[in-house]
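The same subunit A turns up in both complexes below, where it pairs with subunit B and then with subunit C.
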Partner chain A sequence: MLLVGCVALLLGWTAIGLAGLLRPRSVVLSGRVLFPLGALLGFALAVLAGASLLGGGIERLVLPLGLPGLPAHLRLDPLSSAFLVLLGAASGGISLFAGGYFRAGEGAAPGLLCLQYHLFLASMGLVLLADDAYSFLVAWEAMALSSYFLVTTQHRLAEIRRAGFLYLLMAHVGAICLLLAFGVLQGGSGLFTFAAMRAAHLSPGWAAAAFLLALLGFGAKAGLVPLHVWLPEAHPAAPSPVSALMSGVMLKTAVYGVLRVGLDLLGHPVWWWGLAPLALGLLTIVYGALFAAVQTDMKRLLAYSSVENIGIAFTGVGLTMVFAGSGMPVVAALALLATLYHCLNHSFMKSLLFLGTGAVLHATGERNLGRLGGLMHRMPWVAWLTLVGTLAIAGLPPLNGFVSEWLLLQSFLFTDGLPHALVNLLIPMGAALVALGAALAGYVMVKFYGIIFLGQPREASLVHAHDCGWLERIGLLWLALGCVLLGLFPLQVIGALGAVTAELVGAVVPQASPHWWLLAPVPGRPVSYGPVVFLTATLAVVLMTVLIVRLTYRQRVRRAPAWDCGFGALTARMQDTAEGFGQPIRHIFQPFFEIERELPAPADRAPRYRIAIAERIWKLLYEPLVRAVERLANTVARVQQGRISVYLLYSFATLLVLLAVAMAS
Partner chain B sequence: MTHLTLGQQLLDSCAALLLLLSFAMLSQRRVVTLVNLYAVQGAVLTAATLLLAWRTGEGHLYLSAALTLGLKVAFLPWLLHRLIRRLGVYWDTEPLLNVSGTMLVGLVIVVFAFALAQPITLLASTATRSAVGIAVSVVLLAFLMMITRRKAMSQVVGFLSMENGVFFGAMSASYGMPMVVELGVALDVLVGVLVLGVFFFQIRERFESLDLHHLEALKEHE
Partner chain C sequence: MSAIEWITQVLEVALALAAAPVFLGWLNQCRAWLQNRRAPSLWLPYRNLRKLFHKEAVIAENASPLFRIAPYVVFGAMALAAGIIPSMGTQLPLVVSADAIALVGLFAAARMFMTLAAMDVGTAFGTLGARREMMVGFLAEPALLMVIFVASMLSSSTALPVITRNLASGHLGLSPGLAFSAVAFVLVLLAENARIPVDNPATHLELTMIHEAMVLEYSARHLALIEWAAQLKLFNYVCIGFALFLPWGVARAQIGPLGLLVAIPALAAKLAAAGAGLALIETVSAKMRVMRIPEFLASAFLFAVLGLLVHVLLGA
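Coming up: the complex of A and B.
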């Protein structure tokens, strides 16, 4: 019944999208009616999927669509329910914001955007519900195509078309890997339903091949290093609600896919499979965080931060598989929980931040951090709500980012139970990398928030910046509320996610503490975390301090000009810049970056400082790859002679060979 | 030595004539003569069809013979002659492979075709044993002619001659194709020639020549 409801909601999204075409140029119809309606459907989807998650049951449905002999199979189980909750809840906030965000005259017509946007939502929903390879891949490609069109909304700019092409290319490389993975998974049975794949018995070699192909395919979509190159290009190119949706929700469908293939379709994982996502995930964390720290474009910065967070999720997937394969289901459940929790968290906080940048972009027309600053006074709503997301993604308690990273670090500490000595030794180093990533993420977020919202405006035009509209405010408020609630009530969230861990690794994380407010997921270890207590204590300390300060200094307040180091007048140009703030990181981790720097000469009358930071991966991996493909293509192109006689000769030779073969057989 | 009936002997003679005509076309450089040879090939084909119709009493073969006569002996040659006059292409230039070389390759192809037809003729219940081999030879020889010629006009004649081979093969192996298919093929050939005729004018207008090597410029450059 719930599954039918979910399908109806997906159809509803499609219908809303088509309705946008009725009056494609009307901002009122798309923005004020259709997008909020889509948000309502999103919330309804979250409620339905939440009910299914709490029920913990599995529903199946076969639709009379699709290939002959392979109708579309749909299935609603705890894993897909969990991700549907994420899709519905996060997209609800984003859709509300989008309703106020899209305006006429910015790239494609609003009605067209409405269609692409809602098809994107519906296809993501179908990806999560699909129970056979055919409908999964159709939904997967629909998702890639609709998001491609959304990314290239402003297709008149060559730079954006280029970013869109890169995205499409990577999406297709990934889709080819997935196609091959499903081809291996069916194990020669010729049946492409997921049920048949679960039943298929693969030899260990083929199973590992299928998993690696799936990891590559989903990794390309998720932005796993070194397949992440499209992310920092596509996210800044897309309109902000689209970036939010892609980063917050679409990347998670890739995590869903890896979990589905690795833990469900392949059955019981072999422990060393998990080492691949674990290693790549750790690399991705550090890589993403480092590059985020040196960016000067606020949306690129967030894109690299998404890369980092996807690394955290894949690290969790890797740990889950290592533990599950080593016969430690409870710890595997803990790692899986951390993964799911982090996906949920990230969908809220990253969407919030991307929407915040969208509001800033609309208000100022500026993406470059070097030309922003001091927006807190002009845009208090955006600033305060974004602050919540910033703190959450920096992993500060009592917000949600802390909970999932804490759970992940906890699960790292169980490696001493693993029966493999070397892995035992190496995995704790992974915990150190996660911690480094978390610290760098904090650094990045200080830079992000401090340079945009704090200090003084770096440009005169920023004085005219205005706060966002009410629909946008509601959207931001919902996402910020999500960050707070997910942080304050981890126990309830963990309880709801128990059905997923029971389904995938056959265990639930036991609750060692008897109190509703105290999270103690590790039996036998004295670790616990009470976010509500933490918040109460923090608030109490702050209040006490304020009171004491007020009471003590009440009569002795002295007003004087701000201390200005003797310069006379502090100007906005004396603030730390984005480049300056990132400089220590750039310096320490120099080998990671490819830096192109232009320094002014001492006697220069008009000094100019320019720095461009590129990824070495382009030169090391992608450019040789492109050259190899071009060489190969040129070799093949020799077949094309241009002479009709030669073409006829090809046909003639083919005919003779085929006749000879027919004669021989 | 089996004794062949008169009809069978006549049919074999027709087949031999067809093959001979194919070789004649392969060696001929005058385009006008090429078209005439094509017309003669059509006439032989008509005769063979009539013969078969008379022997088997299949009514639709008479219709097929009439169609062949009208289309391949009268209309298409007339159309091609008109094209030749209007385009002024009376001679093909030196073929890519000289005539004697082409003939030698043609011989090899005929041997190959007969070897190929062996299992089919064993299966064939009809009395036209050698005819299948000849039909395949005619198709392949026509193909060879298309490969070796430079002028578009000769290639069209090669294309039409290939269709003759297919037609003869179908007729001798299974007393002709179903009428619908035959009509369809005839229509295809007709339309094909008309389209190619339009192409000739376009090609000549563009390159001021019908020599096909000009088309090499159309390939994608690196």
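Coming up: the complex of A and C.
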């Protein structure tokens, strides 16, 4: 019943999208009616999927669509419900914001955007519901294509077309890997339903191959290093609500995919499979955080921060598989919980931040951090709500980012029980990298927030910046509220996610404390965290301080020009730019970056300082790869003569070979 | 969770608030003696606070509300942290809600508010200080977390009082993993509290200052709160050190009058020794150039990771 409801909601999204074509130029129809309606459907989807998650049951549905002999199988189980809740809840906020955001005269017509946007949502929903390889891949491709068109909304700019191409290319490289993975997974049975794949008995070698292919395929979509290169290009190119949707929701479908293949379709995982996502995840965390710290474009910065967060999720996936394969189901459940929780958190906080940059972009027309500043005074709504997202993503208690990091670090502490000595030794080092990544995320977020919203405006035009509209405010408010609530009530969220861990690793994280406010996930170990008490205590102490100071202090507060140690003539140019704030990271981790620097000479009349930071990975991996593909293509091209007689000769030769083969057999 | 436990909890925070300025005064006194200067009064930090609380506050014209909130948040975070660290007793009801990871998170939150406030007015010094503070923080924070991890693995818990109780009941002497961690911890302590090889609390030289650069725009009560919070932070760090490496003397059961009778003198003795030790370190070492600080902190981080490795290798 719930599954039918979910499918109906996905069809509803499609219908809303098509309705946008009725009056494609009308901002009022798309913005004020259709997008908010889409948001309502999103919330409804979250409620339905939430009910299914709490029920913990599995529903199946076969629709007479698709290939002959392979109708579309759909299935609603706890894992897909959890990700549908994420899709519905996060997209609801984003759609509300989008309703106020899209305007006439910016790239594609609003009606067309509305169609692509809602098809994107519906295809993501279908990815999560699909229960056979064919409908999964169709939905996967629909997701890639609809988002491609959304990314290239402003297709008149060459750089955006280039970003779109890179995105499409990586999406298809990933899709090929998935196609192969499903080919292996069916195990020679020729049946492409997921049920058949669960039942198939693969030899260990083939199973490992299937998992690695799936990891590559989903990793390309998620942005796992070294397959992340499309993210920092595509996210800045897309309109902000689309970036939010891609980063907040679409990347999570890849995490869903890895969990589905690795822990469900393949059955019981072998422990060392988990080392691949674990190692790649840890690499991705540090890599993403380092590159985020040196960015100067606010959306590129957030894109790299998404790379970092995907790294955290994949680290969790890896730990889950290592523990599950080593016969430690409860700890595996803890790591899985950390992964799911982080996905949920990231969908709220990253969407919030991307929408915040969207509001800034609309108000100022600037994406470059070096031309922003002081927007706290002009756009208080955006600034304060974005602050919530900033603190959350930096992993500060009592907001939500901290909960998932806490859970992940706790699961790292259990590695001493692993039966493999070397892994036992190396995995705690992973905790060091996670901690380093979390601290770097703090650095990145201070830079992001401080440079955009604090300080003095770096350009005179910023004085005219305006706050966002009411629909946008509601969208931001919802996402910020999500960050706070997910941080304050982890126990309730974990209780709801219990069905997923029971489904995938056969264990539920126990609750060792009788209190509703106290998270104590480890039986026998005195480990607990109570965010509500934490917040109350913090607020109590802070308010008490304010009160005492107010009561005892009689002097007034005077406003004066900034002092700055008494140096006169303070200008906004003297503040750190994004380049300046990232300088320590650039200096310390120099070998990681490819830096091209142009320094002014002492005699220059108009001194100019220019610095460009690129990823070494382009030179080390992608350029040789592209050259090799080109060489191969050129070799093949020799066969193409363009003369019909030569092609006839080919046909003739082929016939001869076939005849020879037929005679021989 | 009885009322008496909450009373001791509040008492511990109150004692930390009261003792933190004296501890700084003691440290300064020791340093002065070691440097053959006439020592300032032990109560000087109090007088400074009192003076600052009675002045008119001047705030930059373009400061946002964040600038005015930050000192309260930073001070509140440090006061709360004092309630999580078992400096005298291990029966702290608050600790159930906030373990050592949350404590590191609390320090991170304080740092984040401090740096954001430093960037708020938009002065050259403010952003410079914020940048350097984050540079120190992003290496010191994971190092601290790794130090706590070693102790947590020893005690199967991330709650500080449990760790303290466990370590105090063991035999005398450090396990090898903890020994490396102790070195890392001292380095982190110096860096996080703007002590000498990393920062010099006594100068306002733009080439070197970190903490002072961030608070330049603050005055009067806001400055007083920040100074007090900095003293509390130093006190808290030293107490974390005691909890992890010198857990003896802490009241392990309910703090009754008898427990306090042991715990307070023990804490005072440890603080006196720690203050003298810190003063010695600050006297014999010279201030580093700012760009050498990452090396200093990277060695702290590596020591901490080494401690973890040694712990896992030896299983002790």
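One rule holds in what follows: the second predicted complex is superposed on the first by the 643 of 665 C-alpha atoms of A that agree within 3 Å, B and C clash if a C-alpha of one lies under 4 Å from a C-alpha of the other, contacts with A are read in each partner's own complex, and residues count from 1 in each chain.
Just so we're on the same page, contacts are C-beta pairs under 8 Å (C-beta built on N, C-alpha and C of every residue); 3 or more make two chains touch, one makes a residue touch a chain.
Everything numeric here is computed off the predicted structure, so don't read it as measured data.
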item	value
First, second, both or neither for A:L518, with subunit B first and subunit C second	second
Which of subunit B and subunit C A:P526 touches, first, second, both or neither	second
Subunit B versus subunit C as contact partner of A:S645, first or second or both or neither	first
First (subunit B), second (subunit C), both or neither touched by A:S189	neither
First (subunit B), second (subunit C), both or neither touched by A:M429	second
Which of subunit B and subunit C A:L656 touches, first, second, both or neither	first
Dominant contact partner of subunit A by residue count, subunit C or subunit B	C
Partner chain in contact with A:P397 - subunit B first, subunit C second, else both or neither	second
Interface residues of subunit A shared between complexes with subunit B and subunit C	none
Of subunit C, residues touching subunit A in the complex	13, 53-62, 64, 66, 72-73, 75-77, 79-80, 83, 94, 96-99, 101-102, 105-106, 108-109, 111-112, 115-116, 119-128, 130-132, 134-135, 137-139, 141-142, 145-146, 149, 152-153, 156-159, 162, 204, 206, 216-217, 220-221, 225, 291, 294, 298, 301, 304-305, 308-309, 312-313, 315
Contact footprint of subunit C on subunit A as seen in their complex	373-374, 376-377, 387, 391, 394-397, 402, 405-406, 409-410, 413, 416, 424-425, 428-429, 431-432, 435-436, 438-440, 442-443, 445-447, 449-451, 454-456, 517-518, 525-534, 537-538, 541-542, 545-546, 549, 552-553, 555-565, 567, 570, 572, 574-576, 580-581, 583-585, 587-588
Contact set on subunit A toward subunit B in their complex	634, 637, 640-645, 648-649, 651-652, 655-656, 659-660, 662-663
Residue numbers on subunit B that touch subunit A, as the complex places them	96, 112, 115-116, 119, 136, 140, 143-144, 146-150, 155, 212-213, 215-220, 222
